[in-house]
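Scrolling down, you'll hit the structures one after another.
Both of the next two complexes hold chain A, though its partner changes from chain B to chain C.
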Partner chain A sequence: MFDVLVIGGGLAGTVAALTARGRGVRVALATRSWGATALSTGALDVAYSPALSPAAQMPRTVAEHVMDIVAHRPRHPYGVLGLEVTLRALRQGFAHLEKALAAAGLAVTPLDLEAENRGLPSSLGTVLPAAACLSSHAGLDLAKPQPGRWGVAQLQGAAFFDARRVALGLAHDALAQSGVSPALEPVLVAFDGGSNPIATARALDDMATVERLARALRERADGIAGFIVPPVIGLERHVEALRRLREVVGVPVVEALAHLPSPPGVRLQRALEAAVKRAGVELVGDVAAPITEGDRVVAVRTSDALEIRAGSFVLATGRFVSGGVTWTDRCREALFGLPVVTELGVMEDDSPSTVVRESPVESHPLLTAGVPVGRDLRPQREGHLAFENLFAAGMVIGGFASRYALCADGVALATGTVAAEGALAALDAEAA
Partner chain B sequence: MPSARAGTPRKAARKPAPARREVDYDVLVVGGGSNGTGLARDLAKRGLSVLLCEKGDFARGATGNSSGMIHGGPRYLLNDVDTTKHSCEDSGYIQRIAPHIIFRVPFLVPVESGGMYGKLAPLLHDVYFSVYDRYSPLKNGIPHARISVDEMLNIEPGLSGNFLGGVTLDEWGIDCGRLCLLNVLDAEAHGAEIRTYTEVIGLLRDEAGAVVGGRLRRTGQVEVEEVHTRAVVNCAGPWAEKVAGLGGGGVRLRPGKGVHLIYEKRLTNFAIITEAVDGRQVFVMPYQNETWIGTTDDDYYGDLDDLWATEDEIRYLREAIERLLPGLAQQRLIGTRVGVRNTLYEWGELEDELSRRYAIVDHASLGAPGLFSLAGGKLASFRIQAQEAADAACDFLGVAASCETHLHKLPGGDDLPNDLELARAYGITPLAARRLVARHGSLAPRVLDLGRETATGYSVVCPCEPTLECEVRYCLRNEHVVRLGDLMTRCRIAMGPCQGLHCGLRAAQIFAEERGLDPTSEREALMDLLGRRWRSARPVLTGQQLAEAELVMTQYTGLWQAPAQTPLA
Partner chain C sequence: MSFKQLKALWTMGLALLRKLLILPFVRNPGARPWLVRMRQERLTATPAGAWPRLSTAGRCIGCGLCELAGTPTTSPFAVILAAGRRPEDADLAVAEAHVLMRAAADIARICPARVGVDDIATLILDNARALDTP
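Coming up: the complex of A and B.
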């Protein structure tokens, strides 16, 4: 018997579990397999939503972007929570994350909501705005004019990171964002880059290999203010590898944000898993079905037919990638069969074509699908509460997509925090 | 219908050649599908100067969305036997000239109990297919076999239903996009000029009404170019009626929309024929590294340039096939193929029963001498159709040369290399080698040699196939790739379940490098590729494919300008 059971071990679920655990209650975390968190780029997206407001009122700081979303997207989780709660929960959730990652040795930059989004270089050759990031990606803010020549490292044979195209793309985006074209040039590095970022990252868990890369970079470091490298500097021993690399090379080394497959995503996911263990959260396996009585969830049944009882439950199962929301004959939330909404409202259509636009670049209601929630993040069914003691966090909540307003991590942090607070309050209420 | 047999020497031209005037080309061929590209090749081989104009990319219309079979169409035995005969015959020639891009497709026809012939049904099937067997030597077919229920379930354990037995027969499939491309390459080798993304928007007429050329416009541009030719042949497939209209009309079609659904891998050993809810014949077919189910046939009155599979069509096909193979319901649908047949017009028949015959129209009788149209027909007999159209054009032009398209192989068709040896020699996987040979035949080593140019030459760009970087570069340099999306039919980039997730970016980078593009154009190219893939995937964006789409959409965030905003709710 637990006090709080969190279903889903990504960023949202972990923040919820750690928040609940912070109160000293018995917390269990049920996980199935890796979802979107393990695929993240290394950035921590909190809020970037250009063009919602008229040009004259372009938001600058992260908090202003949050305000913009709250003002214009009432169904977005930030809108549902309201500005004050969102900002508070963001800070709290981030504090938990920072602490959790620090114990795993994985550092993050601070989150300053009153600052502007940084412009981080990505492996796609785009400059992506982000409020914070894993530290290995920090050190070069391309949203601001950057002096000096930066080298984009081409590791030999690494088809997954085309330094020439990345440099061209970054320069193009940086010019658009900062008004100044940075000096970025591809630099061929005498080091075998391998064919797969995860394999290369694993190879760089070996310090001798790191030394070789470091020396190869140093050979090309003349006149260079810093290097942008593919995000492959170690997997398990990333922190040590990066430190060694930076020591030997002598100039800043910044990892580009990742595309798939993503070593930073793997690092983040593993660090979160280590953190929940360290916090004394009990790990249980895959949940097959919930067990409910009336308007309460009383337990879940796992795939190995174990029954796990808890006082409150947090649903953090994610969206399509992780299978939290599925579409077989209809679109529905997978575990409780809860109805699904998009940012436009309740989804009743049976055909994907009606909730997906004709061109991929447009915004698609289907990609914002998830469960509808109230201010306390309890899922709703036909306007009423689905269950008294069930709370939702992360991408399983509908009404937003990380593509249209870079915010997925912020939503995970804020809703993870608020859902856990709700779960704890529900315990108190039941006890009373 | 004239029965021109391939190889029959043509009679000497009956008319004196028309007075020579200054022209840019002898013949303007309109349309880059199987008919147009086949015709361009035929005419070029006969020594004529040819300009082929295709408003999109090769095989964008009926050809590229067909069932991809060069078969005899056994069902035409009942009411359209000429079609069966011509198809089988030409199928034999096509196999000879394009051995690398064809593949055997064994078929299974389960005979269900409870039909109107009761227990006689297997015997009747046997008889029917023995008749069909008479045509199979023409297409190097193995004679049919009648098999018992047990044997049938042995071959296909997933079958569900009450059966009396079954019949096996074999057909041939072909890569339609590669077919058109190879026709074009051979035409070019004989001096033809080929332009894609160039639409014929008008015809030039002289005072007497003769058609003396065409007005061309490149897609997305405003300028119109006039070319003068001695003859124009309209091979525009479903658009043939519209193109004929440019010359005063003369072609009437009854366009029939057909849809296939695509599954991510080969799911059955045989292609299997079954029945849909309305009694129509439908099939499930392993095709290269996919499985297709198809097809529908519905009168289409809509926009030929804006085709989507509808929910009705998708359910109709799934219902039919899942009744036969319930296991298919769990499989991953990755896309749709939608095309429109250029069937000749007839009133009063059901779509399925319309004849698939073809017609060569000489518009001289309609006041537009110099214009010819090739309408109707089937992919399986494209070569003979093109031959007759070429004969008609050559007659008109006073050219005596005969057809040779059945005699010479298409590029890459001679001496196919052994894929295992190729794999060893270049250090690639046997599967990659096999797929390369299936597309490039004897030219595969030339493709692989390109890999030595760069450190990443043998890296895998699209793991679904797998397609290697050297092949992408080879296609970009040699195979008329104008837009990135054209790579889909050249080397199957983004055709698989990944939807461009793994290969889109890399393909765009290589394209940008080869063409010297700036980042904006590179991103537009990626959008073109994703857009083409989206058209196929959008109607079936459910299940795992939806998860894939979520990944694709999220990964490529930031690659185009600020994401579009939905209206404020």
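Coming up: the complex of A and C.
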């Protein structure tokens, strides 16, 4: 018997589990496989909403972007929670994340909601706005004018990272964002680490290989203010590898944000898994079915046929890719069979007209399908609470598209925190 | 009716007439040429038993995380890509299908899309067996 059972081991589920565990209750985390965290670029997206704002009132700080989402997107989790709760939950959730990553040796830049998003270089040659990032990506903010000449390192054989295109793309994007074109040039580095990011990152877990790369970079460092390198500096021994690389090269070395497959995502995922174990959260297997009694969830049955009972439950199972939402004969939340909502509203029926738009350039409503929730993040069915002791966190909450407001990590942090608080409050209420 | 529409009707009418006139003298080739072409591309018709496997095999989002279950000399992601479609890669997929079988349990623990890579391997091997059967 647990006090809180969190279903789903992505960022939202992990934050919920750590928040609940931080209050001293017995917490279990049911995970099936890795979530979207393992696909992370290495940046933490909290809010960036120019698409929602009138041009005259372009938000500047992260908090203003959040405010904009709250004002224009009532179905977005920030809109559901309201500005005050969202900002508080973002700070609390981030504190849990920071602590969890620090224990695994990974550092993350501070989350300053009153500051502007950083402009981080990506491996595809775009400048991506992000509120915070893993520290290996920090050191070059292309949203602001940058002095000096930066080298974009082309490792031999690394077809997954085209330094010439990255330099061109970054210069173009940075000019648009900061008004000044940075001096970026591709630099061929005599180091062959592998043909895919995972293989290269694994090779760089070997310190002798790190030394080879460091020497090769140092040879090309004349007149260079810093290097942008592919995000491959180690998996298991990333912290040590990056420290050594920066020591030997003598100028800043910044990892570009990753595309797929993503070594930073793998580091993040592993760090979170370690943090959960270290915190004393019990890991249970994949949940096959819930067991309910009236308006309460009392237990879940795992795929190993174990019955796990808990007082409160947090649902953080994601959307279609992770299996949190399915569409077989009808579009439904997969585990509890809850109805779904899209950004166009509640899906009354499953006719295609409810999930498509006339314009092909707008977002696809079906990709926003998830459960509707109330202010305390309890899923709703036909306007009423689905279950007294079930709370939702992360992307399983429907009605918003994270890609149009760059908010996926922020939603996970905020809703993971609030859902855990709700689960704890439900426990207290039950005890009373 | 515009001149353009009239011209289109005339062209379609002629084509239909031509088809009807030559029909009694031409044997319907059926699906045979199509199947022969597929065979040349190292593909077979999808057998009915493959459909349940396709539902898990087809979930792949191409994230490449399965590389973590590989070794310095094996690349599960490359096999999955090779199994995808390109005829020239088919032999590679067959030769390396055992890589997927061996890595299936590890991949199941990490794959965000819950792809059944053992199902992919089975599809590859069944396809190869069907091609070897005259």
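Basically, the second predicted complex is superposed on the first by the 417 of 432 C-alpha atoms of A that agree within 3 Å, B and C clash if a C-alpha of one lies under 4 Å from a C-alpha of the other, contacts with A are read in each partner's own complex, and residues count from 1 in each chain.
Quick note on the criterion: contacts are C-beta pairs under 8 Å (C-beta built on N, C-alpha and C of every residue); 3 or more make two chains touch, one makes a residue touch a chain.
Not measured: the values here are computed from a predicted model.
Applying the stated clash criterion after superposition on chain A shows that chain B and chain C collide. In the superposition on chain A, contact is made by A:G157 with chain B only, not with chain C.
Taking chain A as the reference chain, the count of touched residues is higher for B when chain B and chain C are set side by side. In the superposed model, A:V321 makes contact with both chain B and chain C.
In the superposition on chain A, contact of A:V266 is made with chain C only, not with chain B. Judged by the touch definition given at the top, the superposed model places A:S33 against chain C, while chain B stays out of reach. By the document's definition of touching, of the two partners only chain C reaches A:A199; chain B does not.
By the document's definition of touching, neither partner reaches A:V66: not chain B, not chain C. Annotation: chain B segment clashing with chain C after superposition, chosen from 73-81, 217-225 or 415-423, is 73-81. Overlap of the chain B and chain C interfaces on chain A: residues 36, 39, 260, 321, 323.
For chain A in complex with chain C, the residues that touch the partner chain are 32-36, 38-39, 196-199, 202, 260-262, 265-266, 321-323.
Residues of chain B that touch chain A in their complex: 308, 310-311, 455-456, 459-461, 469, 501-502, 505-506, 509, 512-513, 518-520, 522, 527, 530-531, 533-535, 538-543, 546-547, 549-560, 562-566, 568-569.
Across the complex, chain A meets chain B through its residues 36, 39, 50-52, 72-75, 122, 124-128, 156-160, 162, 164-165, 168-169, 172-173, 195, 259-260, 319-321, 323, 326-328, 343-345, 350-353, 356, 358-367, 401-404, 406.
On chain C, the positions that touch chain A within their shared complex are 59, 61-65, 67-68, 70, 72, 75, 77, 108-114.
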